[in-house]
Amino acid sequence: MRELLPVLIVVGILAALAVFGPFIAPNPPNAIDIPNRLAPPGGEYLLGTDAMGRCILSRLLHGARWSLGLAFLVSTIGLIAGSVLGLVAAMGGRTVDWAVMRVTDIFLAFPDLVAAVVVAGVLGAGTSSLIFALTVTGWMRYARVARGIGLGLATRGHVVQAQLAGLSGPAIARWHYVPALVPSLTVVWTGMLARAILGISALGFLGFGVQPPTPEWGTMLLDARVHIRSTPLQMIWPGMAVVFCVLAINITGDVLRDALTDRDAPA
Amino acid sequence: MTIHVDGLSAVRAGRTILHPTNLSLPQGSRIGLVGPSGSGKSTLCYALIDRLQAEGIAVAHVPQSPDEALDPLRTLAFHWRQAERALGIAPDPARKGDLFRALRLQGQSLNVRPWAWSRGMQQRFVIAVALLAQPALLILDEPTSALDPVIAAATLSLVEHHIAETGTTLLIVTHDLGLAAARAAHLMVMHEGRVVEQAATADLLARPVSSPAQSLVAHRNWAVLPC
Amino acid sequence: MLTVERLTVRRGGREVLRDVSLSLAPGKTLAVLGESGAGKSTLIASVLGLINPEHGMVSWDGRPIARGAVALVMQEPRAAFNSRLTLRRSVCEPLRARGLPEDQDRFFRLCRGLELEPDLLARRPNQISIGQAQRAGVLRALIAAPPLILFDEPLSALDAATQKHTARLISAIQREEGFAALIVTHDLGYAAAHAENIAVLREGRIEEAADADVFFRNPQSSYGQSLVNAAVALGALEHRAA
């Protein structure tokens, strides 16, 4: 488990931000201070204020819960759904495999963000349709990876032994497949977490995601857009938050992949 | 010419995996190097190969399985050309013909990938490549473990027959004393990184001195058939 | 009593086994000899019920073999164990799969018979020697007391001395437990030392089937003859005056 340490640290920091951000925020996120609207950084408001005089730092800290928390939720639902489907494909025999993988291919054929916009648009803007849209477009990679590894395991000695012993399908999956999937799926999960952060911000920016006045980062970008010429910093802060999180997660994913590459090569 | 080497040794990660060893391998002899897995047989071989090459003595090593020696994406002709190039010799159809006849490969097309041939043929091809260098010493590493017994026995007979004519020394490396005793005139027994005993095969089988040799001798055959 | 009757198996349009008939009594050992590609693995898979034959059948006492009534000892000892589980967990899997309790007395008795320290089984497969891993494989095959155990080249990954030691332990425990053993191997020495019956498989057919004494004294088929000659040439068997 030592390889998982960097992931745990970065994810831990981001999770802490999402959980405790609101408590360390200096101001209420939606408190309006018209006299100080569009204030520059420093002074009373550390990162300045937006067009309605709301504290940007506080909104960012509160927004972490939305941006990161939702990304975590979306990528984890995808992880569970995708790996279950992938395992069903790998263990269910040829016909099941064919059917599941063709469905996967069909979902993969849609450009995912565009598809998410369409789904969110059809269902109406809002947090729940955002989650649904990003999950529906984000489970396929897990399914492919899980199926690929699963097919490789099917002929391994210990899996054959478990079948001969008469162990049930779910028990074989639990003891012989899932542990072997964890390393690779963790790597995929970090990538999908980064993608979900981008997706949530993008949909928020386009107006399909979390709705104002909730301080989600993409929504903040949207609000700040009209003031980009006068106070560009207003847009830069939430943008930087997104970039930092995605970069941190992607680097973590790379470190993790390097750490896990050698170890799980078949003996 | 007898091959002499003195003071072969190897240390890895602070542990001596081959204690200083002196060897003398008379020309044209067939020698068996026997010991359980992890006793240092491979280490001794690699040290011996390094030393002989440094001294300019040609030595060839045939791995257990042809899979280790042949690239499945390249034709056999390519492997042969590479071997010639590595040795810096011009293509010599006569020599190739001799080797292929000796190893019963004549008449086969080399313009195929290794897997188009049976494993026995692949192994004989690897041996032919090894003999191309006209080595003073040919090392066969576990020559039976990757082949079926009938094929392994036939291959060994062909090799022994051929090198008896050329005067090449043969070193058979194996964990199986039964095999070494059946094929070699001299035996060296290895145990925990040392050569603990060397003797003529008949002597060693009749009067093993060291305890590793005694235990190998006691368990050398599965069963004895009446004559 | 294991009965394989006129078994024909087709794979990828090719007949891999053709009209193979064998029988094996409880407590006895049958060695199926043959080179790679002769159909040995297909025979094992058929007896295990992993593939369906084109025709013919495999039965135990006249009934099809149920899952769990037959166990397999594999060629690669470590690969047969899940590297993430302790050996003890894997070894007891056949019991757990059928909801049977772990019989401690039996477990320790089998461990003793196979010269496995019970503490060793708290480890993972890559923390023990390959010989120990294979004995743990035999222990797993035995744990639920199946009437039939298949051995697929059980010794070929071990070195010569370990092979003979392991084979002796298997034979001794077979006498105690009384299971029927079907050994698929290309090692005639092993067959000569430990099997009562021999079947020679070649290109999917049974070339010769006989009692071991008869076969090794005087193989009838020319292929059987060449197998015995090769085993002598490679020192697995030795002719010596009695």
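Just so it is clear, A, B and C label the chains in written order, and each chain counts residues from 1 on its own.
One rule holds for everything that comes next: a residue touches a chain if its C-beta (ideal position, glycine included) is under 8 Å from a C-beta of that chain, and two chains touch if they have at least 3 such contacts.
These numbers were taken from a predicted model, which means no experiment stands behind them.
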Task: Innermost chain, taking as reference the mean of every protein Cα atom displayed - done: C
Task: Greatest separation from chain A - chain, by CA centre - done: B
Task: Interface with the most contact pairs, given as the two chains involved - done: B-C
Task: Between chain C and chain A, distance of the C-alpha-averaged centres to the nearest whole Å - done: 50
Open item on the list: Distance between chain B and chain C based on Cα centroids, please, to the nearest Å.
Closed with: 31
Open item on the list: For chain A versus chain B, what separation do you get between their C-alpha means, in angstrom?
Closed with: 57
Task: Sites on chain C touched by chain B in the complex - done: 35-36, 130, 156, 159-162, 164-165, 186-190, 192-193, 216-217, 226-227, 229-242
Task: In the complex, chain B residues that touch chain C - done: 36-37, 119, 144-145, 148-154, 156-157, 174-183, 215-216, 219-227
TODO: Using the touch definition up top, name the residues of chain C that touch chain A in the complex.
DONE: 48, 50, 67-68, 70-72, 74, 76, 78-85, 90, 93-94, 96-98, 126, 140, 144
Open item on the list: Under the definition above, what is the set of chain A residues touching chain C in their complex?
Closed with: 156-158, 160-168, 171, 175-176, 179-180, 267
